[in-house]
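The following pair of complexes shares a single chain, chain A, combined with chain B in the former and chain C in the latter.
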Partner chain A sequence: MSQTLFYLLVGAGLWLLGLHGLLCLRQPLRRIMAVNIMGSGVFMVMLALAVRPDSPDPVLQALIVTGLVVAASATALALRLASADRDRAQKTAEEGE
Partner chain B sequence: MNTALLSLSAPLLAALWLLLTHRRQAPVVIVASLISLVAAVFSLYQVIDAGEQSLALGGWESPLGIRLRLMPVSAMLLTFTALIHSLVGLYAWRSRHSQTRHTDYWPLSCLLHAALAALWLSHDIFNWYVTLELLGLVAVVMVCLAGPKAYGAALRYLLLSLAASLCYLLGVALLYGVYGVLDVSLLAEAARADPSTRTALMLMTVGLMLKAALWPLHLWLPAAHSSAPTAVSALLSALVVKGPLFILWLLWSRVAPEELGQAAGPWLALAGVGALLVGGWSALRAPLIKLMVAYSTVAQLGYALLALGLMLHWRELSLDAALWLFVLAHGLAKVSMFLAAGEMQSTLGSRRLDSLKGATQTMPVAMFAFAVAGGSLIGLPPSGGFLAKWLLLLPLLQNPAHWPWALGVMLGTLISAAYVFRVVAISFDRARPTSPDFNPDRFAQWLSLLPALLVWGMALISEQLILWLTGATL
Partner chain C sequence: MTEWLVDSGLGLALLLLAAATLYAPRLYTSVVFFMGFGLLMAIVWARLGAADLALAEAAIGAGLTGVLLMGALREHPPRTERAPRPRSLLWAALLPLAVLPLLVEAILPLSGGAQPLPAQVDAQLAYSGVSHPVTAVLLNFRSWDTLLELLVVLFALLGTRQLALSSRHPHPPWPLLLAWCRWLAPLAFLLGAYLLWRGAKAPGGAFQAGALWASAIVMLRLNGLLPTVSWRDWRLRLPALLGVTVFVLLAVATWLWGAGWLVWPPGAAKALILLVELAASVGIAITLALLVMGEDRELRP
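For the complex of A and B:
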């Protein structure tokens, strides 16, 4: 049980760390990574909760897989947007000069 | 249930077809919205006749499988979504000023429609997470349609929306850890008022409030909604923010144990009053036309949150009907306002509010639509906004001890009257009118008037509507 508690606490800690990063950082790439750390924290909490005496709870595992798919596609979109926004900023800076 | 599924799958199939064939055909989208509308109306009739229906997807029963559920409120929201999508689609297709005619607006709007329909039909806290993510991602991409200038706002919207979903997901994980079920009805039977349930509900509420842009978590909304193309702004304000609100409502009114709801009610109601005052004040001071309309969304969502909070606190079920009337009235009025604002902005050639000088003379129809919609936002009788506000005020006025809340509603009304009349006053300043583009688009202006007339038309069926909604939300 203490092991479950350990993973729960680490998961919650990662989630808080990610949230702190998202709120305090300014660079888009770091903020995207912060959101991913938040996501890892949630998945870790879910894994810790899935522990059963004989075999782990399949429903939570299915939820984590779904969550991972969502997180991966959202991260891809965020990265594309961040790079497009940076290109735009550079272009306007060049035109300004 | 079959008709509700048709209402969900028509836009989904249209979106897939458009994506696979790389086409941007507006008529396909409008036909899909109309099919969806007809199907939704039939499902509404069925629900009124036969009561709630549910469907276990793939034949898997509740603890393991996903259940869809057609409640009266979800049937009403399905119809409403399809109606708004048909109207906005028609505008985006026919208006010469819509910047969305030859863009990826068409498949995206279909996907948005399908995501919303799935959200209204889901009855499972994890499925809501999935539909919320679908909704958020599609909404972000739609904001990007406005071009590179909107990328910054879209990225901020995306990151906050992801953080909000993860907040909600952590709450879902905790609830599942405690009770071992995801289905809303099963959860409602099992829920107890213990610390872990309280934490889970708090996390989910914060996530949903951020997604619905409820004060004080509204800061992303004005930039995202005002930088999007006109048709997209209308969809975002009228529909997308209502999705998380629907989940919040079901979560607190069905799942949460009564004592937790009673304790949380005043806080939600306070946030509602805060939204009314802060959103209204910002709308009053906004320099741009669309920014003002976007801030007014923040303010108007305050009424819905106030109704939810007071309903939880006093168990006053007529306030449920007030909440959903607000959603309907605000949705219709906001579509009208955004379409009119978009038309005026592109015909007069400026995004600034002072460019509306003399608009009553140069663009009478669009300005009339704006003012009529504004009348419903203020709550002038006999508009839909008035009906909702009347239902909200009745329990407040019956008991003298409730005067602070009534005062909050009155102040909110005063501010909304101020920001609507500010625009109207500028538009009557005919001394030096901004000269319009020499070829204004009449059809689009009349189209923007239609939803405003619908919201005032709600007065004609007000009694049936209130009685039905009071029964439907029990």
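For the complex of A and C:
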């Protein structure tokens, strides 16, 4: 099995692990991490394709750099949404008492 | 043989760390595993020869995302969590198992496919103004992507501001940490500047530099060495908007008087790329720092 193929499979494995986590975990933080792991799997697949020894592909690498920054900003927004949701749930619970 | 051992060890460790991140019993452990996962990912990418990406992943994926998660951890008390039941773990495994053959089937042919793009990039590299192909793609051939990406980061920041509610008081810093931080932050600034400068010829560039600067700002702020960083402060807002503004102005200029939207004139390409990189890295640094720290207490009604 070549190096490219191996890392392609690792990427697919990461994506599937993330999907499993997303399906069965309830805690918002863990779900956000699960989505991030799925994203890492996608990046891994792209990178394994981008660094093939016969034809290294700068376009894919540039796309991953872009993707990394976008993923980090999306994570920041998601975390803020999660804590906003928790705050609101707490507030309604307090009002209900 | 050794190569193969290293690769399989790294790959397995990645998968194990990912699983540990997802299913660790305590949330704190999970977050620490996640940061370890990011760092290992960076090592794997460096091993695969993508130094640009390894730098970006170490700074952004492991570093800044880790700080974000740690910050969020404080707002999510762990006692609210229930462990998933074994049965639901099994049920949830059904879908990924069903998707697995499809995924493998989709991915395998990719490894042998023909690739026209690298040859095209090589052919045009001499006219791009820089000699590192990744930088050429990011800031010349596909600068549209980069412009839109800066906008996405800015929108994310504006989005988090709509939900502003964090009032994080940094803990009083520990003396050793303070001393360490005084060494580390200037080094991070210097290293960022170096990466920015080297980006034209070698791995590095605006994103890596911006991320390093952002982490230096976050580090200084967390240790209380900087005053509150907030979007309300115009001294921060201006540089945060700098990258997008310069980029859009240049795009409009090339559209009106040049060959077309974001088509750099060949003679001036190097200077323009350097200008955009400089502005973009400052913009990214401030925006990411605000996104991570985001202290907007004054917005609360």
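Of note:
Keep in mind that, in the parts below, the second predicted complex is superposed on the first by the 93 of 97 C-alpha atoms of A that agree within 3 Å, B and C clash if a C-alpha of one lies under 4 Å from a C-alpha of the other, contacts with A are read in each partner's own complex, and residues count from 1 in each chain.
One rule holds in what follows: a contact is a pair of C-beta atoms (placed from the backbone, for glycine too) under 8 Å apart; a residue touches a chain by one contact, two chains touch by 3 or more.
If you're wondering where the values come from, they're calculated on a predicted model, not measured in any experiment.
When the two complexes are overlaid on their common chain A, residue A:V35 makes contact with chain B while staying clear of chain C. In the superposition on chain A, A:L5 contacts chain C only, with no contact to chain B. Looking at the shared chain after the overlay, A:L16 reaches chain C, while chain B stays out of its contact range. Once chain A of one complex is fitted onto chain A of the other, the partner contacts of A:S73 extend to both chain B and chain C. Note on chain A: of its two partners chain C and chain B, the one contacting more of its residues is C. Looking at the shared chain after the overlay, A:A84 reaches both chain B and chain C. In the superposition on chain A, A:L63 makes contact with both chain B and chain C. In the superposition on chain A, the residues of chain A contacted by chain B and by chain C overlap at 15, 18-19, 28, 32, 45, 49, 59-60, 63, 66, 70, 73-74, 77, 81-82, 84. Contact residues on chain C toward chain A in their complex (touch as defined above): 3, 7-8, 11, 14-15, 18-19, 21-23, 27, 30-31, 34, 37-38, 41, 44-45, 48-50, 52-53, 56-57, 60-61, 64-65, 68-69, 71-73, 75-76, 80-82, 84, 88-89, 91-93, 95-96, 99-100, 103-104, 107-108, 110-111, 115, 117-119, 121, 133-134, 136-138, 141-142, 145-146, 149, 152-153, 156-157, 159-160, 163, 165-166, 205, 207, 211, 284, 288, 291-292, 294.
Residues of chain A that touch chain B in their complex: 15, 18-19, 22, 28, 31-32, 35, 38-39, 41-42, 45-46, 49, 59-60, 63, 66-67, 70, 73-74, 77-78, 81-82, 84-85, 88.
By the touch criterion stated above, chain A contacts chain C in their complex at residues 2-21, 23-30, 32-34, 36-37, 40, 43-45, 47-52, 55-66, 68-77, 79-84, 86-87.
In the complex of the two chains, the chain B residues touching chain A come out as 64, 126, 129-130, 133, 137, 140-141, 144, 148-149, 151-152, 154-155, 158-159, 162-163, 165-166, 169-170, 172-174, 176-177, 182.
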